[in-house]
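The following pair of complexes shares a single chain, chain A, combined with chain B in the former and chain C in the latter.
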Partner chain A sequence: MLLKTVFVRLLTTAITLFGVAVVVFILVRVAPGNPIAMMLPPGATDQDIATLNAVYGFDKSLAEQFIIWLGGVIQGDFGTSITLRQPVAELVLGRLPATLELSTLALLLAVALGGFVAVIGARKRGTGTEVGLDLTSGAVLSVPDFLWGLIFVLVFGVLWPVLSISGRVDPRIDIDFTTNFYIFEGLLRGRLDVVGSTLSHMLMPAMSLALPLAAMIAQLLKQNLKEALTQDYTTLARVRGFSETAVILREALRNAALPTLALVGVQFTFLIGGTVIVERLFAFEGLGNMAIDAVINRDLPLIQGIVLLFAALFTVINLLVDLSYTFLNPRLRHG
Partner chain B sequence: MADVTTNSPRLILTDTNFRLWLPLLWIGVIAAAALLAPLIAPHDPLAQDLMLERLPPFFMDGSEPGYWLGTDSLGRDVLSRIIYGARIALFVSLIAATTTGIFGSALGLIAGFYGGWADRVISRLVDIWMAFPPVLFAVLLVAVMGTGLGSVIAAIALIDWTRFARVIRAETMVQARMDYVDSARIGGARRAATLVSEILPNVMPSIIALLMLEMGIAVIVEAILSFVNLSISSDDPTWGSMIAEGRGAIHFAWWVLLFPLIALFMTVLSFSTLGEGLKQRFDPVLK
Partner chain C sequence: MTSTTAHTHTLDIINLNIALPRGQRLLRNVSLQLEPGEVRALVGESGAGKSMIGKAVLGILPHKIKMTEGEILLEGAHLNAMTPATRRRTVAKMSALIPQDPLTALNPVRKIGPQITDPLIRIHGWSHQRALARARELLDRVHIRAPDRVMHSYPHELSGGMRQRILIAAAFAPSPRLIVADEPTTALDVTVQKQILRLIRELQRETGTAVLFVTHDMGVVAKISQKVTVLFAGRVIEDAATHTVFENPAHPYTQALIAATPTPNVSARPFQPVPSALIAELHRDTVAADALFAQRGRR
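Right after this comes the complex of A and B.
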């Protein structure tokens, strides 16, 4: 039964990814403007254009182009960027670590902040503090990451300039990275200055991404905690003499966490989607920033590669969330 | 959503309806500004005057009378540009949200009511659509269709229809199992007629609440596309293009970012609060 669930889920994931590939391919091919003409210097002959068209395979039929392209994609060949003249796979994988570090930090911030507010709200349930927290998280939730980013730019760019509002690391720091995971590599090599500088650059974009999710976690987790606190096992813990805070942390939290976890998983993909504009806002050298440049420069192979990578990331995360939920939830496991 | 415990102080706050009239008040102000822009804007929003560049707002030293919120790097009046920007923001949000709502709700109604292959196709499309990062999708669509307000509106509808389709599909499935649908069928009503005259009115409250949320989203998407210079021409006063300019001039003229940001912030907050408020008001469980 479980095996069948997993199989069906894998199959739908594959279908979704194929659908994404078709949509991306069609969209990019109907885009107006001749990218080949933009690559060539003025005075290029028709012959030059035809040669380049053949090199990039633009002279074949659409179906043929799609099959050739998809075949390449499956083998890890995403073509060559028209503006940067480098393999798309190389460019995209070079930028992926920055975006992954940013979204992971944002996720950690969201869980920590949301979890903290939820526990406080559950502890102070029925008081003005809870109402205040509810209203605040409600308002925080309705404001998207883009606006939080702008607010942080204003606050930390003008009022209180302690954090950097653009770039990924202080350009004065002298280090040759072998990977593009700056934090991870900085930690491994014991370069705390690198870690510190990277974190101070990431804090504001990560906070912008984290705040709406933190508010969502705060609301849902508090709701689940309050339900758990009416159950017999929490009453029993109180009778045994645990303080209310200890009851919440030791008993209620464990049971309230599972539904919250499902939400966090799904929302994580939205958070990753938000990096596109937030990276732009903070001039953070990640995938999203590269994507917007690619769109503005009409770099079709690069756009295709980035969108596909994002889509693959989204579907794989959704798949993992679904599967882990199936494994963690005893009711679904035997269902 | 229904954390209604009796006597909780929160209930008093929701009862006073402030969640409905406060956002309505702000939207009213913005709508009035949009409609009356030529009458109330103190200056031409496009008029450049390099003698008056980067004037600070009225409460700071060096401000000029008449330029209440200061001027940008080209000497254009910030207040007038915000007022004219309200026209574009409200126009886009109204048209885009309505288009998205009609398109998405229709697909949701069909998928939820007829089921079968129609449901399978629509649900699969929703899955595929949800795999795209929305901002990147919007940027890509506008790049494909060419810049301009029409493209912005089309991009919003082409991306966000899934929001309506998912919710309305689920609600239609619930409604379709109700007795009144059976009695309509026994009464001889055609399937399509039942869908339009019986089920649609029952899912309408959700559609209206979603429309409010969508208007807020549309305002943000237009601002984001203006910010990356893919909406209408960057000379035209949009909140997003003002914000982009303010981001560039953050260290010289922060007011160029602050004031349009406040307008955008309040408008988005108002639409989503209104949407949430309506959702709770329509929800029979919460009544």
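Right after this comes the complex of A and C.
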């Protein structure tokens, strides 16, 4: 039973990734703009162009190119970046930790902030406080992440410069880590200077990404909490002497978290999509920033690698959401 | 009125009025008493306000429904005079609720055990071991086999009858002075209903807990209660000992309710619905009384 579920899951994941690969491969080649033209200086001869085309295999048919590329991918070879002249896999995996740490921090901030506001809103339901929180979260939600980024740069980078506005870590700090997970490995190695500097660089982009999601969680979780608070088991808890706050936290929250979780999973993938622009804004050396460079330079192998990695990331997140859903809901546990 | 009597009633409701925010009255000058160890049935049709009385006592009136007048005394303590937090703790320590629908009254994502022991530990201040032992004892008392396994189960793994027995165990666990049973058998199978009624009656006798038993079923009333309060449109229209009510009902509506209770022997006493003319007349009375009440208020 479980084995079958896992197998089906893996198969659908493989099909999804293959579909993404096909679409991206074709799109980047059909879209206007030519990587060879970007590489050569003005006044290059037709002979030079033809030579380079042959070197990178662009003279072959689309199907042939795809099969060659796919053959490499299956063996773990994602090709070589045209602009950076390094293996795509190496480049992409080197940047992945930065984006993972950023989006994880953003998710944690969003859940903490949104959860807190939702609980307060449910506690103060029917009062002016609830209306005020609703209006605030509505306003926060209507400002997109990159605009939050600009607002933060202005406030905490220019007017009151307390946070670092550019990069991932202070370049003066000597980092000899084996992985690029600066926070994770920094904590393990006790290098709090690295952790602190990374956090100071990450806080603004993470908050920019987190705020719209936090507002969404605040609204939805509050709604679900209010729904749970009309249920008989919460009434019974009140009769048994529990305070309203205790009833919310002990009885209602886990029930309300279930429907909220489904949305958070979907929205988290949007948040990761948002890293592309926000990382650019803060010159944060992550996958998203690299993706923009790759698109500008028409670095086809790199674009393909990044998109494929994002797609793989999304399917992993969906899997994790499903698993946590089963974990939180006892009715699904004994399938 | 009767608040200065020498002995203390378990529950003393004096002239209780409950209304919606626009002023529609749900309970009209309801007074009733429960002596220690007494079972009082509250009967009436849907919307008569019988559940509202229990909810007012327990402090769980729906949003926007408010007590406009009256006093509720639990073991002699004036509930209205208390701050909400004190009232909540006082009510929780002295009373309990057996809810109507066992399928929704247990939290679906929490195990049974903590749902019984949590209030004992956190509200009544018992030790963990004492609460656990008490839960086991009560579950055993309500005929749940393998209490330890059940305490580790989730509600969806148990039947409706089992869940209601668990809720009864939970209600009796802290030895309350008063239990409000809000139509505890309505949502159950007919076959299970009898068991549940018998259990409540047995436990009530053993513990001497007073029970306010809300029901619309005169058959249930005859089985469980010593006293009956009949409500119509939020008014008490009859209040007497159960045997008196069945043998010699004073109010025509009570007579009609008894006549409307189906019996197995249909040929001997055919089923008779409550006559609509009587209901219409009672409603006219209510409207007239409300008009009088409103007039009095204006003066």
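In the analysis below, the second predicted complex is superposed on the first by the 280 of 335 C-alpha atoms of A that agree within 3 Å, B and C clash if a C-alpha of one lies under 4 Å from a C-alpha of the other, contacts with A are read in each partner's own complex, and residues count from 1 in each chain.
What we mean here is this: a residue touches a chain if its C-beta (ideal position, glycine included) is under 8 Å from a C-beta of that chain, and two chains touch if they have at least 3 such contacts.
For clarity, every value in this text was computed on a predicted model and none was experimentally measured.
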Which superposed partner A:Asn255 touches (first chain B, second chain C, both, neither): second
First, second, both or neither for A:Leu328, with chain B first and chain C second: second
First, second, both or neither for A:Val307, with chain B first and chain C second: first
Touching partner for A:Asp232 - first (chain B), second (chain C), both, neither: second
First (chain B), second (chain C), both or neither touched by A:Lys60: neither
Which superposed partner A:Gly126 touches (first chain B, second chain C, both, neither): both
Touching both chain C and chain B, counted on chain A across the two superposed complexes: 126
Interface residues, chain C side, partner chain A - complex: 58-60, 63, 85, 88-89, 91-93, 95-97, 99-101, 104-110, 118-119, 122-123, 154, 156-157, 167
Of chain A, residues touching chain B in the complex: 12, 15-17, 19-20, 23, 27-28, 30-32, 126-128, 130-131, 134-135, 138-139, 142-144, 146-147, 150-151, 153-154, 157-158, 165, 223, 226, 272-274, 276-277, 280-281, 288, 291-292, 295-296, 298, 303, 306-307, 310-311, 314-315
Contact footprint of chain A on chain B as seen in their complex: 3, 5, 8-10, 13, 124-125, 127-128, 130-137, 139-141, 143-144, 146, 216, 220, 223-224, 227-230, 243, 247, 250-251, 254, 257-258, 261, 264-265, 268-269, 272-273, 276
Interface residues, chain A side, partner chain C - complex: 126, 231-233, 235-243, 246, 250-251, 254-255, 258, 328-331, 334
